[in-house]
Every structure is written in C-alpha cells, then in structure tokens.
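Structure, as structure tokens:
In order of appearance the chains are A, B, C and D, and numbering begins at 1 in each one.
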Amino acid sequence: MAPSAQSGPCSIPALLARNVAQHGSKPAYREKEFGIWQSWTWAEAAEQIDALACGLLTLGADVGDHIAITGRNRPALYWAMVAAQRIGCVPVPLYADAAAEEIAYALDHCGARFVVAGDQEQVDKITDVREGLTQLEHIIYLDGRGLRKYDHTHMTSYADVQKAGRAAGNIAEVNARSDARGYDDTCVMLYTSGTTGRPKGVVLSNRNVIETSRNSAEFDDLRAGDEVLAYLPMAWVGDFIFSIGQAMWTGFCVNCPESADTMQTDLREIGPTYYFAPPRVFEMQLTNVMIRMEDAGRFKKWLFDHFMAVGRRVGPALLDGKPVSTWDRINYALANLLVIGPLKNTLGLSRVRVGYTAGEAIGPEIFDFYRALGINLKQLYGQTEATVFITQQPDGEVRSDTVGVPSPGVELKIAENGEVFYRSPGVFVEYYKNAESTASTKDTEGWVATGDAGFIEEETGHLRIIDRAKDVGKMATGALFAPKYVENKLKFYPNILEAVVFGAGRDYCTAFINIDLTAVGNWAERNNIAYSSYQELSQHPQVLNTIEQHVAEVNASVAADPMLAGCQVHRFLVLHKELDADDGEMTRTRKVRRAVIAEKFSDLVDALYGGLSEIYTETEVTYEDGRKGKIKATLDIRDAPVIDQQVAAE
Amino acid sequence: MSADFLYGIEVIINGLMAGVLYALVALGFVLIFKASGIFNYAQGVMALFAALTLVGVMEGQVPFSHLINAVFGTEIHHFGWEVPALLAILLTLCIMIAFAWAVQYFVFRHLVGQEPIILFMATIGLAYFLEGVGDLMWGSDIKTLALGLPQGGSMAVEEWTAGLGGDDFYGFFIDKLDMVATVVALLLVAGLVGFAQYTKQGRAMRAVADDHQAALSVGISLNFIWVLVWSLAGLVALVAGVMWGAKSGVQFSLSLIALKALPVLMLGGFTSIPGAIVGGLIIGVGEKLFEYTIGAPFLGGATENWFAYMLALIFLVFRPQGLFGERIIERV
Amino acid sequence: MKDTVVPYTTPDGRTIGDVLMDMRGITLRFGGVEAIKNISFDIREGEIRAIIGPNGAGKSSMLNVISGFYNPQDGEVWFRGAKRPPMKPFQVARQGIARTFQNIALFEGMTVLDNVMTGRLTHMKTGMFAQALWKGRAEREETENREVVERIIDFLEIQAIRKTPVGRLPYGLKKRVELARALAAEPKLLLLDEPMAGMNVEEKEDMSRFILDVNDEFGTTIALIEHDMGVVMDISDRVVVMDYGRKIGDGTPDEVRGNQEVIDAYLGVAHD
Amino acid sequence: MFYREAGDFKTSYEADSQTFPIAFDRYRYWAVLAIAFLVIPFVINDYWVNAIFVPFLIYAIAAIGLNILTGYCGQVSLGTGGFMAVGAYACYKLMTGFPDVSIVIHIILAGGITAAVGAAFGLPSLRIKGFYLAVATLAAQFFLVWLFNKVSWFYNYSASGQINAPERFVAGVAVTGPNTAPWAQYMICLVFLTVCALLARNLTRGTIGRSWMAIRDMDIAAEIIGVNPLKAKLTAFAVSSFFIGISGALFFAVYLGAVEVGEAFGIQKSFLVLFMIIIGGLGSIFGSFAGAAFLVVLPVALKVIGVDWLDWPTDLVAHLQLVIVGALIMFFLIKEPHGLAQLWRVTKEKLRLWPFPY
C-alpha cells in the first residue's frame, strides 16, 4: 500500500504546494497575538515560507545543511522548518527549555550553520556557548525585543531575512532544490531526550513522516477543517507529526497559544477538534475541576455529582457504540445540557473529536472521567524511532489498560523476554553519526526494539505494556515478574502513595505499601478515627483492611492476564514511614530505589517470606533539619487473597 | 413719596417675609448638608409629611385607615377624639424624630462615603417614599390646618402706613400670617444658630461638619449627630409645614417649597447658615420685584416659578461655591 | 534656542539630541507662598531627566507647570523651539506631552483596554456623525488605534488583564496600566510622577526596566520625579535637584552626587 | 449553563470589539429583534400598545438619552421633562408649520432643536459640578415649562393652551392623530428606538464615548490625556438631549396626541426617567431598556393586582406605588448602584462559568 516515490507528493514542501492548490484560502496557521488570533491561509503561509527560504539562500545555506530551530510554538518557527526543507536543508528543532550546554551539544553534533531562535532568551543561550561552535554562522531571531543593542554582525531578524529573500528573487533556485527532494531524503532530525547517555539525533525520511502521517490521519479520519492546538515542545516527534506531518497531509489548521501560561484560555477559545496531551495534563485539569467544584454551592455540587455519575455510566458506552437504554440516553442528554456540556466547554474540549494521551500509564479514574464527558480520549504507544505510531486504540475499543492494536502498516513481535519489537514504514533511517547505536536498535530486517516489555491479548489483539524491559525479571517459577506493572495498579488507588513489589527469583510476590497520609487522613477524620502519628495510622486495622481490599482487587485484575498471573501479591505490609528521598529510598524524581529498599528493610522482606504475622523493626530516619533518628514499630503482615492461576486460566 | 415707589417698598417687604420662610426651609438643608454632606431633596416632602401628620393627629385620624379598610373591608376613619394643638405638635415632633432615626438607620448608614450625587438621588427616592407613606397614613385630600393663626391682611399696618402716600396710596397690604411666620421663622433661626454655637451637641455638630475623622477621634458618635441633624431638619420641616399649610392648605404642592429652597442654597452656599438666610431674603425680594417690575407687565406673570433658578444659575456660573460657601479647590 | 547644544551618544548607544523643553526662570506662587523660585533647566531629546528633592521641594508643582495644570507667574516654557503660551492641560497633551500621576489616576469604570485606548484620543479624529454610524471610518480608525495599543499592552506584558476592569487590579499593575495609557499617546515627552512610589523592591526593578525599555525602544524623552535616590541615579542621564522651591543642583548623577549643597540638603535627609 | 464558547474565537479586532462578542448573545439579540418586528405587530392590541409597549419604547429612548449624560458622562440632569417638552413643542410647530414634510423628518428635527437647547443649558456644567449642576438643570425644567405655558405662540394661540397632534402618515399609514392603528404607533416607536439604541451604542463604544467616561471617572485625568472638557460635556448634553427630544416628540405626537405641558412634562417626568436609569443601570444601554420596562410595567402590574384583583381604591394603589418606587430607588442605590444591568451581568457570568462557582 505504500506509494512509490513517484506517486503523490513525496516531501513536505510538495504537500504544502498541494495544499495551496487545494485549499489555498483556508486557514493554515493561527497564533494568539496582540489580543486576537492572527491567521494565515495556506497561500499566505506558503508566501512566508518562500520568502524565508529565499532569504536563507542569500545567507548561503547549502543543500544538506542542518538548520536548528528553537523557541516556543509559533507559526514562524514551523515555517522555518518547511523553508529549510524547501532549500534542501535539514530542520533540527530543539527543546526551548534545554540548558545552554545541551543546546551546544546538539548544535555541535549536527554541525548547524544557522539557528532560528524565538526570542532574546534563546539567543542569549546560544551566544553563551557560541565560542565552542565553529560551524555556527548565523542566528536568525524572531522577536527582537531587547536585542537592539546586540552585535548584529552574525545576527539578523526573521523579518529582515524574509525581506532580503523577497528582494533576492531567487525563488527558481528554491523550487529547483525542493523539487529535487526524494522520498527517502531526510525530512527532519529530532534529538531524543536521552534518559541514558547523550541525546541521539534520530533521522526521519520523507517516507517515514508522510506515510505515518497518512496512515494515522486515515486511521482517525482527520481532515482539513480540523483544529489542533500546538503547545507541546516542537522538538518532540509527536508535535512534528501532529503540527507538520498530519497538518500538511490533511490540511488542517495549527493554532499556537499566546504563551505557556495562557494555554488554558487559548485552548478554550480555539476548541480543538483533535487534541493530544500527556496524562499529567489531563490529571492536572481533573484536579482543577474537582478543587473548583469544592467551592460550589450544595445544589450545584449535587447536580455535578449526580450527572457525573450518569456520565460515568453512560458516556463511555455511547462512545463505544454499545447499546444504551432510551432512559439512559435521556438522562445523558440531560446531563449534557446541565453539567457535561458546560464543563467540556469551560475546559475547551467540547469540540474534541479525537483525543490522544501517551507517554506513561494514565490512571483509570482520570481516563474514565474524560470518557464520561463523552470525549473520545484514546491511548497510543509510540516513540521517536517509529515516527510516533506503534500501536493505537481504534474507536470503540478504548480501555485504560491497553495501548491498542498495531497502527496501520506496523508489525509487532514479542521476544521471549517479553520485549516488544516492531517494523513499519515509519521506522527511522538512522541515529545521526552513531552507526553502532543504530545497529543495536534496528536489526537488518528492520525490526526495532522498543526497550519495553509487554504482551498481546489473544482475544482482543491489544498490546499491553508491562514495564521497561530491563526492569522485568523472572520468578523462581519462571513466570514473568513485572513489579512496576503491579505497583502502578496499586498506586492508582488514592489511599496508596507508594508500593514496592518483591519477587524476583522468589516463589511468589510480596509488597511494601505506603499509605497516602492526606487521603487516608481525611478518611480517618470522616470516620472519627483518632491517630497520633503516621505510624499509628498506618497500622490501624481498618486501614489495613482497606489496603487489603485494594490488593485483592489488584490481584484479581493481574490474574486476568495469564502471563502476569504470577505477579499477584500474596503477602504485604504497610510501612511505618514514608519512603523518602532524604533517606535515599527514592530518587529525587520520586522513583523507588528497589535495591536500596530491599537492602535497608531486609528484615521486613525476610519476615514477608518467612511467614511471620507481625514484625518489630527499628528504622533510621532523617528529619527535615538533617538530624537522624530511629523509629520503632511493630508491623502487621497480611496475607492477601489471590486467585489461583489454573482457575483463572479456565 | 410716589405711590409706585411705595408699592415697590411693599413688594420688598412681602419679599423679605417670603424670603424668611425660604431661609427657614433652606436651613433644614444646610443643617443636614453641613453635618453629613447629604443634600436632602426630601426636605419639602418632610414639611408636607409633618403638616399632614399634625392635621391627622389633631383630628384624631386613624393612620393608614384607607389601607386597613381596603385590606380588611372595615370602615374606620377616626378615633373620635381631638388632640389640642400643642400636644399634637409635640407628638408630630416625636414622629419626625422617629423618622429621622429610621432614615439614618435604614438608608444613610449604608451610604456613608458615597459621592454626594448618589446621596442626593437617594433623597429623591426618600421623597417619593415619604410622600407615599404620608398619603397612605392620612389620605391625599387637601386638609386645612386650623391652628387659629391670624389670617388676612393687617388693617393696623394698612391704616398706619396709609398716610405715607398720596390719595392713590392705601397703605401697605401685609398678611398677618406672613408676619407671624416671619416672627416664628426668625425665632427658629435664632434658636438654631444659638444651638449650633452654644450647646455641646451643637459644637459636636459643627465639629463633624468640619472634619469627620477628627470628630470621631474626639469620641463624637457620627450616627448620633446624623440622627440629631435629621431631627432638627424634621423640626424645621414641621414649622415650615405649619406656616405654609396654614397659608395655603396642606396638599402636595407644599412639598414644592423644597424646590424654592434649592436656588436659595445655590446662592447662599450649601454650607453656610448665614448664607441660607441672606440667600433666602435675596431670592424672596428678587422674585417679587422681578414679577412686579418685569414679570407681570411683560412676561405674562408667574415668573416666580423659575426666576429664582435663573438668578442662582447665572450667579453660580460666576461663583460656583455660592455667596458664603467654602472655596472649592481642585487638587491634582 | 538660547544656547545651542551638541547631540551626543550615551555609553549604551542612545543619542541625546537637541533641547526639547526649556524652562526659563519659572516662578510659581500660591497666594503668598512661592512653590517654585526662578528655576531654569532644560530637557533634551531622548534623555531620561530626573527631578529629585525632599518632600515639599516643589517637584510636583514643577511637573504640574510642565503639564499645564499651573501657569507660572514668571518665566517662560519653551517646547520644541517655540515659546508656549499659557495653556490648558488638554492643549498641552495635544502638543505631545503625556504623564502619569503619583496617586494613580486611572478610569476605574473602564477595562484596562479602554483605559489604554483613551490614551489614543489625541490621535483619533473621526467626527461624531461618522462615529454614530460606526461602520466605515470610525471602525477603521478604532482598529488602527487598537493595533497600536495592543503592541503597547504586549510591550508592558499586561495581555492577561486586557479585559479586566482596572478597579480589580493590584497597585503595581495599575501603575503599569497608567504607564501604558501615557505611552499610547506616543508622546514626545513623557512625565512620570513618582513612578515607583509605594512599590516593593522587585516591582521597582520591573518599573525601572520598563522605563529604560520605553526610552530605548521608542526613543521617548522622559522626565521623572522620584525621591528614592537610588533608582533615579541608576536610570537617569541628568538630574535636577530641588529644595524648598530652589534649584540646588543640575547635572549627571555623578556630578550631582559630588555637589556639596545637594549632599547637605538631600542626602543628609535620605540617610536617616 | 447555556453558553458554549469553545471554538468561538476572534481573528479580527472588528469581531473582538463587536457589541455581542459571544455567539449565544448575538443569536438572542437577533431573536429579540425578529420577535419585536415580525411577531408582536401582528398580535398586539390597543390595550397593550397604550398600557405597555408604546410608553416603554418612548421612555427607553429618553432613558438612553439621560443615560448618555448621567451614566456615561457623569452629569446628572433633572431637566429631562423640560427637554422632552422642547421636543414635543418643536415637533408640534414643525407639524403645523410644514404639513407636507414627513413626520419622521419633523421628529428628527425636533431632536436636533432639543439638542441645541440642551447644549445651551449644558454650558454651566463647565463651572459647576455634581449636584450643584443637577440643581441648576432644574432651572431648565421650570423655565421651559413656564415658557411653553406662557408664550402662546408655542401652542398656536389655542384657547385650551393644549397642543394637538394633527393626523400624519408614513408610507400611507396614519401614525399620529385620532384614528391611528395600534400596530402603527408601535412600529414607528420601535423603529426610532432601534435606531437610537444603535446610534447610542456606537457613540458610547468609540472615541466620544471614552472621553465621556473619562470625564465621568476622573475629569482631571481626562484632561491630561487630551480630552477637552467643554467639548466632551457639551456633546454629551447635545446627544443626550437629541434622544430625549425625539422621545418627547413621540410622546406627544404618537402616544398622547394632545398635551398640556405642565402635567405631561412636569418635574415628575424628570424624576421618572432618572429613576429608570438608576434602577436599570447607569452607564448601560441595556440598563436603559431594563429600567424603562420596569417602571412602565410596575404601575400596570400594581393596578392589575391592586385594583382589578383586590379591588382597592385607585388612589391607594397610586400611593403604594410611590412608596415602592421610592424604596426601590434607595434599595438599588445601596445594594446595587449599577442596577438591573449589573444583576444581569452577574447572572451571565455565573452562567458562563457553570458548573463552576468562579
């Protein structure tokens, strides 16, 4: 199905030309500036791009040069990318919030001769590290505020470059160069924010970008007339695909907010029809809603709770096209009029036709909330090397615990260690100047390792991600041991702050649980349960019972997947202190340090596996002021109900 | 002396006497304005209300009888007794004081610190309210106020002055009631000035007028002062109401004397007691003279309706703060 | 012009041009009191000129003379090379002199946007009938001026409060809005009456930055009153020092710092 | 609750500064217009026209006029009655003087003449402020009423001292005179009101409007930004009087048909219109409508309840009305100085934020 280089437009500039021809007078870009949404039609955008392209030529840009682009999302910067492609250069978007040395590394690594910088802040960062960068010739800045007094020998304003371009009249050269672009020439280079080691420059070809864009656009039936809000970092592959790839393919309109802090209002004004956000954004929005509703009057509150309940019951069903009784439909219509509609409206999501979230696991209650509002929120699984799409959820098959079925044109395979491999037209060309990492990631047949462990549900064919492949271990029984997977499930309960699951090389799994003081504390107050300390509360029998229920429920859901049924928590205890970075039990980014904890609380671990019913322990803690102290406690150890795997299998 | 000249004198005398009454009403305004910065448009209606109440009390009418009858289908009108004038006046005074308190408590306590214009509009509302209440309490039919005050022209004066002119001059025609009114008004004015100058409350009142904060700091209760001045205004209203009422019957038009007093104030300055008096006299004489010399012969008469205003208006344009008012200095 | 002056360039690359406003022997009396005693000084194009002095030195009176609230009994006011006849404030404004007030004088009943738009009044010429019809000339003019205003709003970073009624704003923001309104007039000369009065340290820093930026980006000539010495000395090119209505010092911040009389009269005060 | 603003964004300043920026409001506005023009005329009868609609429409014009002066420019006037009288008599003289010129022209000219008179009486406003001015405008009130009473030229020397509106036609339909169809009365008033409201809105949204409000909020600051106080105040007086004049003309020619100046345009009129804008909301066109509607409907409602249902004597109800109106004025000044318009605004905000409290 992949068209050969001849059929159809084979580069972004080609797509641009097509859009100008097809819907030249439709809006292509908007930006909130000076109080209104400044708009550019496709024709106008193309003119701007050409002007810049010509200007870049006058500055002496050669075919194959890398042109770095940094700044917040603005149409002009998107145009800069396309302009670069027009003249056969490779656009390299960089993270606007990156530190100077990170930028220095990237600029040096790709040997950029030109940088298009958003504003003074970006310019300053670059000038700071300029000495080191031998190849860097010229900085082109967009917003001149505060730059008046800077030395302009190697610096020009975006507008001036365009002016020069318009004057130069070398458009023929520009066209010649962009016509020469082939389907397999580089389209863009994106630096992966390297969690380990240096960032790598992922090279994506026109084929990668255009085919994934087309496939994904068809998958969700995206079309001209759709609206997206471009607010995620331009250097992130997702933004490149949404705001350039798909936008160019379908010809929908890209809207840029006025600034980061007006994003919510701008979102509300635009009311996008196609919306992407990482889980934390949805989570934040939900919390805001709840906080604001706290101050609502009794009637409003009741109305809200009542109709949200209706929404939770009916909304998702309606979205998935499941049969819904007329009575429920009426109820939902009412809810829509009184609560859901206005709510979606104030959140700016009332027009969303397709919404995606990805990056990390999203809490079911968050996910359900938006589904209840009737927002078609789906999950996808992807990465830069795949030009985003590996799997995504088709309409009607949306669940919070899977990441969906393979995207069109994507093949999946699961290695015996559970790691997920894929092969697709979107598979990246190479890591720039980094052959061996390329080789280690992508084999000769084009299979790419995701580094994540997961499995495919037989009945639905949905992929479910368990954990980072390196964190997934084996139990004594040989069954798969995926602590994070279970811990996440546990942590979705508001009462549970942290959980640490043990079981690598053991016969069964056990867990440490940290209660969430605020949540449990509130609960205690409501049921007037007196407690003098975190420790006392943590060991309160009723608390333990609640936690035990949670664990039981988690076990049930874990048992549902044969591959993971082994990971059910057989025994657990509730820790007498909060896991704390100051005590080295967590990283500063609040990731549990499994090894450290296992070592520090070895007595407790032994107790869990030693079959004791309670254990006395002393732990050293560090207080805020740095003093050290000991806390002594006797902890109950509970057996959690588990579901027998054979039973589960049948 | 020629008759015309003498008639001119007569006009002036009548003007002066009318002026005293204007001054009296104007005083009511000045009192409240000095102490609270409120320009009390309701002053006139207060006079009407006072007069109505006085009549009602004397005749032993049942307050709100119309309303009661309408609601309960009863047919009550009078208690069937009559109250002697003096007692009635006292009772009316009490009612006016109660009213003063109510106004302060329910309305202006909530408007402290508002712009004068807002307060002014509030008093217009008050005027409507009070007029309605008055009519509800005592009915809106014209009533005669029989206090046994002398009526008609004073023969004595006429005969005594007849000699001044030739045959075609019959002496000054001066209404007895006007004379009485003048005397009473003069007494009241004197009394008020004395009160303001020599009593503790009076001094407190002036202190408040000068500077609220300072007054507060020396422990004067603004609320008390405000109720006090409203009560005094009530007293003034009562007297004015009696005079006017006795002269031309107790009816709605009585409330229009407020409108008469306005130009007096613009002339005399809103904050000056002497200003009010002088202003009153000027207006009184001025409008009578104008009517006598120009109005009646050339303009078809009834110029009193507006002359005072025109005079004041023209005057204001040249001296916005009035004759005796404090200079208005604009700070940047 | 009395004396010809050579344009020069400041260290940070701004050009200070000819004399823009020349005050010659200004004397101002209130009744018997002499608020200003025979003061002369000039303000040159593109500079930041400060008038400082202890309270009651006559600074504000001087500003009010410049902006036409008071007409001096003696002395001449020369503006852009011409002697200025006695004028009303609004005529002065139309000559291209805008100002802010020490105690903010915004139009509380209007939104920030409308307040700043009022700053454009001197630039808006459409007649009443055209306005009554709105469509066409009036609307076009409105839009053109709105564009100018929006750039100023952007420049002073008050986009977020564009449509809020000024009554609801905190003090610091109000000051900024008032500055915006003055800037909207695109004045030849901008008068700032204690722009930092009652501000905390970082508000003061912001305001100083804005003042410098205004002078830099728009090349606006600025005359400001301030009795916080520190700030003034940092941002102004030349300083006039007043005390009891007399001029006791005039020159660059450094010269003024050196001036013994100033130190006695003023810094002494400032120290305690 | 009913607002759906997501996706309702502005790409031009024209769109951003339009009268009803929110789509929902815009639709409601058109709906109201449609009903007013296309439905009511066909269902309306004589009682409704004379009791509610025509008075409402005419007073709304007057209220808009006074609101421009008082609400937008901050100059309180108690001369409204007098200025309405000017409009009425001007219209009468024109109608009788130039019988074959269209009545519409006459009414507009009447407005123009009133504007001139208003401006003249506005002159003192330069020297005197606040309620000094308010009191000064009473001079206009009394003088004008006296004038039209005494100078018989104004009522063409008629014995009764009354003026009677001769029959005049618009597009062949009688709009004044004894045999005017109710719907015709309604229509001509409606048209005038609609136009006046639009003009008022345009004036208040633009340069002039801003200089008025500047004068109102802080005249010193206004001067410093280049507002000429004389011009601002006089234009306010003129424009305001123009509308008031038109309303006066309609009041006489279309509504009453025959007028005796003292009772039709006495000081009570001035207060009535002032009350309308206080209750409706100072500085708001919508407020002018609300206030007019309120004070036109209130007496009718009271009469219906008091006289027709409870059959109380009429004068009693009239007195009650005084009490209620007076109390309302004080209530609004204390509790909601911006009147019904503000209440409306608040409700609207709540609806827009729904279900959130803020």
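Convention: a residue touches a chain if its C-beta (ideal position, glycine included) is under 8 Å from a C-beta of that chain, and two chains touch if they have at least 3 such contacts.
This structure is a prediction, so every number in the text was calculated from the model and none was measured.
Relative to the C-alpha centre of chain A, the farthest chain centre belongs to B.
Between A-D and A-C, more C-beta contact pairs are found at A-D.
Centre-to-centre separation between chain A and chain D, using Cα means, comes to 59 Å.
Centres computed as Cα averages put chain A at a distance of 51 Å from chain C. Between the Cα centres of chain A and chain B there is a gap of 81 Å. With centres set at the average Cα position, the gap from chain C to chain D is 42 Å.
For chain C, the set of residues touching two or more other chains reads 101, 146-147.
Residues of chain D in contact with at least two other chains: 12-13, 220.
Contacts with at least two other chains are made by residues 332 of chain B. Partner chain C is touched in their complex by these residues of chain A: 33-35, 145-146, 148-149, 258-259, 261-262. Contacts from chain D toward chain C in the complex involve residues 12-14, 17, 199, 202-203, 205-208, 210-211, 213-214, 216-218, 220-229, 235, 239, 283.
Looking at the complex, you find that chain D touches chain B at residues 76, 123-124, 127-132, 134-136, 138-139, 142-143, 145-146, 149-151, 220, 267, 271, 274-275, 278, 310, 312-313, 315-316, 319-330, 333-334, 337.
The part of chain A that touches chain D in the complex is made up of residues 30, 35-39, 227, 268-271, 289, 292-293, 295-297, 300, 303-304, 337-339, 341-346, 348-351. The touching residues of chain C, when paired with chain D in their complex, are 67, 88-90, 93-94, 98-99, 101, 105-110, 114, 117-119, 121-122, 124, 126, 128, 131-134, 138-139, 141-143, 146-147, 181-182, 185.
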